[in-house]
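Comments concern the structure below.
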């Protein structure tokens, strides 16, 4: 079928490839003219046959909200917009309501798979009306991995459910990554274990902890056995924060996901104000040795 | 090759099957005569041709230490004992030293795969001397999954390294399980997501969080969509505790693995003394409503 | 000086007492006519001499926003409203802007001290313009504890700073309470320690952990040595959640405060969906014993 | 009464002062001859009148065990040794049994108060036999703060209970410090709060979070408002680790105390292997920007 695709960054570009390989007619728009198939959003809208389906794959937040608002002006009654980015689910009802004023349908679709999705397919979680989901199913079927539809695609619920599910997916991802990371660090700290990468590789088949993330960690260690080319500074991209916030909203205990998030925050601090405060307290009550800033180092004693 | 196998519980029984299917000559001993191939450990030792290899697959702790000690008396110079149970790695040098007095070799082997290992193969992590590892390799090759040896088997280091690696494996497992569990609970708490099992199933292909544990959670939800046949009381079996203790020993931060462990502890408390203390404090300073034990319920106000 | 005081619940009632004892002319309004000095908010406004100062002490959220909006209509240019409740700091600029339209000033004041504040005085953290703070200083001086002003009162910053500081105060409070609670539980679990209340009482002088919260815990244990009259079900009243959310907003690691919050969430769950999921996973991969819901109990084995 | 005091470091030195000020006859021994009253342990034993009481105040672990062993040779039936250091409680029964062979009694005494104890008195938690406790009571009374005995002294239980209680005391201390520290960091991160030290000072009277640790933090901020003379590198001295280990032994959830401990571990890592692993994973699946070690910085995009 025909699809307009807005945003041809790493994800959108690959998706265009995968969709075309599956025989779909994809017209892409990107601000970068070198990769764009059209000159403008308006041009994209003009090139599509009504009723149109437009997939938005731009950064979450203002860029997505802005693109949806523009599409609300350019599209018409009976058209359909799908937000496939990592938008916060709270944006979805706003977007859907805005588009509904002009009779335009809306689906939110969480997309997982990263740069590997082009070949492996993408896991998809969709929120919105059943009829809209059915209408876009050929696209979903082309994007999702081979195999039974339900193992790579879910209609999670009403508008917002797709991004909510993707948010939780990413929150879980934080926890999984941190669990492997803590185990990895403990293995490297143990005297007895002399070949840490071999141990992780031995976990990739048969064990309880086997997973795609483990495969990737093994691959990373194959390429750089001591991870010496990286620092431990780790960004976070929003969904982990939102997951913890939603856990709080719903009074759901989330000790693991929050611990994983906070570990990232801490990894980015050259010097922690909190730990300075702890150091100051130790110094105050016990005369404990503290690390002084600057050239000289403090001396101290046990309390 | 010929192997003596001590302990034919759920794990050992399956391993005997898998080894025999691979053409090995396994003589099993279990206290339960209905499944045992021999009458006693002494009988087992007598039936094996020297130099003998005996795999111990009994519960960790006293049962394993006891079995190894008995084998130290029954076996002879040049024989080899492999502890495949979930022993704490600190037991391994004790066992190895004990056996070495009689010239008997020792390997520790962490085995992962649960009840699925019989068909899928087991992930194996081994500690000990290279020559001993080579000698037992036909056994390891039969137990590990199909595929490249290094994806299901590692010689992790000296004696103790196998069990250390398995301990960390299980610690990671705690973190992974808790991450999925927190995400699952949050999905069930969200109004927007109307089909939680479908969402989890949609993650099984293509997504970043796909894993064998996720497959199992999907399977559990297929069998019991609301998990209504279970309670939230969760045991722990030692390795999670040891992982956190070793993290402490090595000053490795383990916030995720420890949070997963503590969630299990809390799950087993009908009423938490700590939370009673928090409740008492809230009552003291603010006249906050507290839940009184017994038939009457307390009234309270905001502080 | 003269003060209108809206809300005569546990906190407001006590504050009226303390202010009157200090010689101030307090006219209180409450929906409960038995304790109210006036018939209505309008009546309160009419009884006060211009320029008026009105302290709002009603539940945070809608009640406070509603009261402030009504005061915006009833008061006049040059008057001053102080929100002393536990409002989220994000409400403060909204309230201040609303009142500013009619020339009415606004201060937000975090108030700590609970039911003890009437006699001990209340710790106060204020946000707003310096001139407004100065104007209300006689009230602040009467409410705060004896001693140097700066040890019970701070002008924390612009509008919102008072409630932000109070929010953090309460977040810290969650962490402190949980720390004592964990220690208390561990003492009760130790065989060696035969007199737990005596140990806590011995900490009240001289030790590093002495505090007012500890004094209260000792008092609670004096009254009920085993805390047997309470359950471990613990509510939370908002500020702890907001603290973690703000920590996330500012990328500040808050592992302790969030752990304290999640412990409260967990304390209120009769059965945790997350832990059911963990139990289901253990059952799936290892055939581990699980606690089945209902009359029959499952049997199982170690994996 | 007469007391032998072994170890005149920061704690022991101050205690000698306080005891002498209370009229006790203290003979101190330290390896440093400039502050020692005697030449050797043997000399100390010779100078004391039987039945002797000797207080050991040397670093925990080997130094204390060694000192106790030597005293076991030098002292006689009817004498009494008190270990006032921060020994792990598991050392106490070993020490007690060793001394009992020669008829020497043993008490373990947790001592809290840091460098302030000389003037304020020390909080004391004692384990051992009632008769031994009674015998040493004049010493305890001199060391503890003014006020009712039970507010600065507890006979916590049998041998080991004093150090167990002190261990828990210190574990709680970790949690308290981290709670204040997280709140402090959040205050410094908020735009609205312009005077963070003033806010903390305003908490010292009347509020729920007032405590001696808060007073010390206020003092530290008075001396160095931005804590700019310190780094965030924080040591730990054993009791926090033991507390978490004992929590694990007793299946007591300790999320706050463990989080405080792990924050210290993380504060000491120039670069975290775990976070490198997380970074490697993000890079693998999403082509996320990662911080490369060395001169060049990686570019990346959102997944």
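As written, the chain order gives the labels A, B, C and D, with residue 1 at the start of each chain.
In this section, a residue touches a chain if its C-beta (ideal position, glycine included) is under 8 Å from a C-beta of that chain, and two chains touch if they have at least 3 such contacts.
Each chain and its UniProt protein: A, B, C, D = Decarboxylating 6-phosphogluconate dehydrogenase.
A quick note: this is a predicted structure, and the numbers were derived from the prediction, not measured.
Using the contact threshold fixed earlier, the set of chains in contact with both chain B and chain C is A, D. Comparing the centres of all chains, each the average of its CA atoms, the largest separation from chain C belongs to B. Between the Cα centres of chain B and chain D there is a gap of 36 Å.
Centroids built from CA atoms put chain D at 31 Å from chain C.
Look at where the CA atoms of chain A average out and do the same for chain D: the two points lie 44 Å apart. Residue positions 114, 178, 180, 182, 185, 189, 208, 212-213, 251-255, 259, 262-263, 266, 269, 272, 274, 285-286 of chain C are each in touch with at least two other chains. In terms of inter-chain touching, the protein chains here all touch one another pairwise. Across the complex, chain A is touched by residues 89, 112-114, 117, 120-125, 127, 144-147, 150-161, 164-165, 168-176, 178-180, 182-183, 185-187, 189-190, 192-195, 198-199, 201-214, 243, 246-247, 250-257, 259-260, 262-263 of chain B. In the complex of the two chains, the chain B residues touching chain C come out as 9-11, 59, 86, 114-116, 177-178, 180-182, 184-185, 188-189, 212-213, 216-217, 219-221, 224, 227-235, 237, 255, 259, 263-264, 266-267, 269, 271-294, 301-303.
Against chain D, the residues of chain B that register as touching in their complex are 208, 241, 244-245, 248, 251-255, 258-259, 261-263, 265-266, 268-269, 272, 274, 285-286.
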